[in-house]
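Next, two complexes with chain A in common: one pairs it with chain B, the other with chain C.
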Partner chain A sequence: MIGYVLQRVLSVLTTFFVVSIIIFLMMHSIPGGPFDGGDMPVPDAVREKLNAQYGLDQPLYVQYARYMWGVVRLDFGVPFQSPGETVLELLGRAWVPSLVLGGLGMLVGVPLGMLLGMAAALRRNSWIDYLASAVATLGLTVPVFVTSMLLILVFSVWLGWLPSSGWGEPQRWILPIIAYATIPMATYARYMRSAMLDTLNKPFVTVLRAKGLSERRILFQHVLRNSAIPLVTVFLPMFIGTATGSIFVEAMFRVPGLGNYFVSSIRTRDYPLEMALILMITVMFCIAYLISDILYAWLNPRIRHGGRRK
Partner chain B sequence: MSTDPMTGPAAAPEMLSRPGRRQRGPLWFAWRRFLANRAAVAGGVVLALIALLAVVAPLITPAGPNDQDFLSEALAFPSGAHWFGVDDLGRDFFTRIVHGARVSLTIGFAAAAFSVIIGIPLGAAAGYFGGRTDWIIMRVIEIFSVVPPLLAAMLLGALTGGGFWMIVAIAALFGWVQVCLLVRAQIKAFKEKEFVRAAQALGGGPSYVIRVHLIPNSISPIIIGFVLAIPMAMMLEASLSFLGVGVPPPTPSWGQMINTGLDFMYFYWHLAVFPTIALAVTVLATSLFGDGLRDALDPTMKAQ
Partner chain C sequence: MTATEPFAPAGQTAPIVEIEDLQVGFPQLDGTVQAVRGVSFSLAAGESLGIVGESGSGKSVSCMAVMRLLRTPPARITARRLALDGVDVMAAGRRQMAELRGSVAAMIFQDPMTAFDPVFSIGTQIVETIQAHRATTTRAARAEALALLERVEIRNAAAILDSYPHQLSGGMLQRAMIAMALSCRPRVLFADEPTTALDVTVQAQILQLIKDLQDDFGMGLVMVTHDLGVVAETVDRVVVMYGGRVMEEASVHDIFERPAHPYTRALLVSIPGQEGGRRRLTEIPGASPDPSNPPTGCPFHPRCRQADARCRTDMPAMTPLGEGRRAACWRL
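Then we have the complex of A and B:
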């Protein structure tokens, strides 16, 4: 088990290293720099001084080494679009709306999806089964910004019940939360259903029934526990879906969160902010994968005792 | 659920009841399983209709997609003359939507084709040779798995400035992984079989065995990989165009139109509603069709 964990950690570190190099090179292959003018042309001398101040006149490998040395100490530099603060401060500010809305969305979506999936598995080919598959297919195939657009059109434009955008009063949160919730709900409805069906068809359930155990006890004590393992690994794709969806949800509902800054950093060639965002998200995914692999191995006795997961 | 394996093998009893009939191939049974899946058939029919509309687009629309022929009626609501109204720049909106299907479908199919072209050789190499080759290819795939495709695609779109073929390239860059994994798994399962062993014993080299024996036996996963890559690429294109780093104007793209519609939706709802519905219906139909094909071709495979 310890060898397995170490091996996973090592492989995650290598992956992260490679990703950071690729992204760094990509960012610096953009033609043009942040001080090339556009709206506000800068004299050549001033531009050279600015480039020197931010270290942009050094060779690439020096810039990369300096950057990574800073990253290790959580120093991501100063965002070009808001030089009065550090990237870390800006991100600390931008995290809040994303985390609140995304978290609430998951909090709404995960239990709803699980309930829907359970109901679908227990009442196969009934209306609730069809509802669950409709929700799952719609949620997983239709892009989030399309769902958001439909929500805005129905609830703010036509019915006029809820505000369509902004951040502040809680009623502005309702639509983005619903938009966020669609992905976890769809994912969990689909996986819960197939995991439960899988378990319900196992011979041990037949044995329990033959033993005369009540359906309720079979369901809650045996089936649910045995269906939980795949759900742990499903958490990741869902997390990725929610995190990438957040860009569009925030763009649609004009929420000042991480996704919004990601878009503006791409538009304004804000290297420090953009690098920090992508690296952070990559680290989050690396850690999430690591945890889920280890959890999976730990939850599944066949893997816990029998070497590594392939 | 559209991915229900239990409704599939309805064809089996028929085979037993008519023993004198000629033997049916696996593709015939796959076709029967596909027809039994109503959602998938509906998806396929809708997709075919949209494709037909896209092909005959110039014949059924009153103007070119970029012609500002109706500037005096700009932002007009839907009417008999303009079924979906007129957009903010005086272009017939029905024309724009129908031509948007051309862009979306072309990008979807082209990206899926490139994904397959990249994915097959890599998957075949990884599955057949195993060992170091497999290790390297799997590490590359691992890198793709920790970087969220949409964020990376946005970055690439911004770096390259977007453009039609650039979007196809970006979508293929993230689409080959799935094809590669499917082909790899299939070839790993087949390479120990007797007929492959026999081919090797008779002196068949790796490229011969892969081409003549293993790829033809991987046709199901390849088709599955292809049809599942199409909606992914369409979503990617719409998302990037929505953010302004995809297909540049004036090329009609639904993602772009939705972005414009967002600014007008309180007063001119048609600019928001039609592209949204067009995109949702097309992506949904393609996914249902793809899921159905997957279940039909490989009944043991579960929805992921």
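Then we have the complex of A and C:
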């Protein structure tokens, strides 16, 4: 088990460096630079001075080495679009709305999806099964910006119950949370239904009945646990994906979260912010998969104990 | 168990298993698959009964029906009487049925490799069975589980208690399965092809174990098998089934020495390896009947050498032949 964890940590570090090189190269291969101006042209002399000041006149491998040396010391530089703070300060500030809305979206979507999937599996071919299928299919196929627009249209424009956008008072959170919840809910409803049906048809369920366990115990102690194992691996990566902010949801509801900065940092060649965002997501996904795999092994004795026969 | 005692008449051994005119059908899109078509048999306390038949003869389904282990729907069950230890299982509620299962009637299955929940240890699964029927501490239940594993001749039982199903062999798992089935002292054990999925070398050991335990525990045994050899070694009485019906019922001695029904005789002839294995392998010509479209009359008539016009149109009734023998055939 310890060897397994070490091996996985090593692979995370490798992934981190490979991703950093690829992103660094891709980022710099986009034509133009951060001080090209655009609306407000900058004189050539000023631009060259700025480039020199930020080391952008150096060869790429020097820039990369300098950047990574900074990363090792947890110095991610200063964002060009907001030079008054460090990249880490900006991330810390912008992450709050994304984490809150995305996290709450997961918190609402996952249990709802699991309940829906369970009900669908237990009452197969009933109205609730069809409802679950409809919710799952719509949730996964309708793009989130369409869902967001419909939510705004119904609850803000027509009914006037909730504010359409912004960040601040909790009632502004409700619509984006619903928008965030759709995909986890749909995914979990689908997975849960098929995993439960799969488990319910296993011969051991008949054995559990034959030995006189109550239906409740069979369901909660055995069927749910067996069905939940495959779902555990989905949870953390999905959480990272949701809680780092959706570009679309944040744009639709004008939430000042991380999603916005993804777009703006690429558009303005804000190299330090762009690198930091992508590296952060990479690390979080790596850790999420690592934890999921360890959790999966812990829940599943076939992996935890290997295939040894006694 | 105690709750059911008032049903048993005092002073005589009431049957533990009563099946009378059992019908089990599985409705399909194109008609009903009638798996069991009027089966009757019973089992007295401590008695051992073999149910022999080809796959699809309805032998497993009959046992699953009396344990109420068939999902209804899709299965449709009717019977004049279907009872375990005097309790009408057709009228019993879910709760009462769960109490009966395991404590009055236990069951072991064909494939031990898929019979345990893969995420719990063997010990946990035996302990939960004990605790489902009796209020004991986990510590006491674990001690009982350990004793049971030792009783089913598992070496190193303490280690097996903490093992997971994937770590054990099929023979080992079937022993553990038997231990689990016996954990609440059932009055009857249904063994549904308990050795079919096992190595030949292990089969004999498991059969011997079941036989010994039956004597030890004084429980009834219903051995469901397609193998007459298994029946010869383990039971007192045999029910021969074919096409969802009982063809013959007799003591194991009579079944082998003076079979009454042409199907039983055909089965006996087709046992391979008799007389030093020199005889040719004889098979019954034809195939077993399609349960969704069974033949009229006696289900065996298309394969029966003695069949005449009456066999093709009318099903013969069960005819008593004395000494507990009975058979359903026009040509007795």
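In this section, the second predicted complex is superposed on the first by the 299 of 310 C-alpha atoms of A that agree within 3 Å, B and C clash if a C-alpha of one lies under 4 Å from a C-alpha of the other, contacts with A are read in each partner's own complex, and residues count from 1 in each chain.
Here, a residue touches a chain if its C-beta (ideal position, glycine included) is under 8 Å from a C-beta of that chain, and two chains touch if they have at least 3 such contacts.
Since we're looking at a predicted model, the values are computed, not measured.
A.B. asks: Answer with clash or fit: chain B and chain C placed together on chain A by superposition.
C.D. replies: With chain A as the common anchor, chain B and chain C both fit in the superposed model.
A.B. asks: Regarding the shared-chain residue A:114, is it in contact with chain B (first), chain C (second), both, or neither?
C.D. replies: neither
A.B. asks: Is A:215 touching anything from chain B or chain C once the two structures are fitted on A? First, second, both or neither.
C.D. replies: A:215: touches chain C, not chain B.
A.B. asks: So, does A:78 touch the first partner chain B, the second partner chain C, both, or neither?
C.D. replies: Neither partner.
A.B. asks: Going by the contact rule set out at the top, does A:225 touch chain B (first), chain C (second), both, or neither?
C.D. replies: Touch status of A:225: second partner only.
A.B. asks: Once the shared chain is lined up, is A:289 touching chain B (first), chain C (second), both, or neither of them?
C.D. replies: A:289 sits against chain B, while chain C stays out of touch.
A.B. asks: In this superposed model, does chain C or chain B come into contact with more residues of chain A?
C.D. replies: Between chain B and chain C, B touches the greater number of residues in chain A.
A.B. asks: Contact-wise, after the overlay, does A:91 reach chain B, chain C, both or neither (first, second, both, neither)?
C.D. replies: In the superposed model, A:91 contacts neither chain B nor chain C.
A.B. asks: Return first, second, both or neither, reflecting whether A:104 touches chain B, chain C, both chains, or no partner chain.
C.D. replies: Neither partner.
A.B. asks: For A:247 in the superposed arrangement: first (chain B), second (chain C), both or neither?
C.D. replies: The first partner, chain B, only.
A.B. asks: Aligned on chain A, what is the least Cα gap between chain B and chain C? Give it in whole Å.
C.D. replies: So the smallest C-alpha gap separating chain B from chain C comes to 9 Å.
A.B. asks: Could you list which residues of chain A make contact with chain B in one structure and with chain C in the other?
C.D. replies: none
A.B. asks: Quick check on the complex: what are the chain A residues that touch chain B?
C.D. replies: Counting only chain A, the residues touching chain B are 11, 14-16, 18-19, 22-23, 26-27, 29-30, 120, 129, 132-133, 136-138, 140-143, 145-146, 149-150, 152-153, 157-158, 190, 193-194, 240, 243-244, 247-248, 251-252, 262-263, 266-267, 274, 278, 281-282, 285-286, 289.
A.B. asks: Quick one: in the complex, what on chain A touches chain C?
C.D. replies: 202-204, 206-215, 217, 221-222, 225-226, 229, 299-302, 305, 307-310
A.B. asks: Applying the document's contact rule, which stretches of chain B touch chain A when the two form their complex?
C.D. replies: Against chain A, the touching part of chain B is residues 1-3, 39, 139, 142-143, 145-152, 154-156, 158-159, 231, 235, 238-239, 242-245, 258, 261-262, 265-266, 269, 272-273, 276, 279-280, 283-284, 287-288, 291, 302-303.
A.B. asks: Using the touch rule from the top, collect the residues of chain C that touch chain A in their complex.
C.D. replies: Residue positions touching the partner: 67, 69, 94-95, 98-103, 106-107, 109, 111, 114-121, 128-129, 132-133, 156, 159-160, 163-164, 166-169, 177, 180-181, 184.
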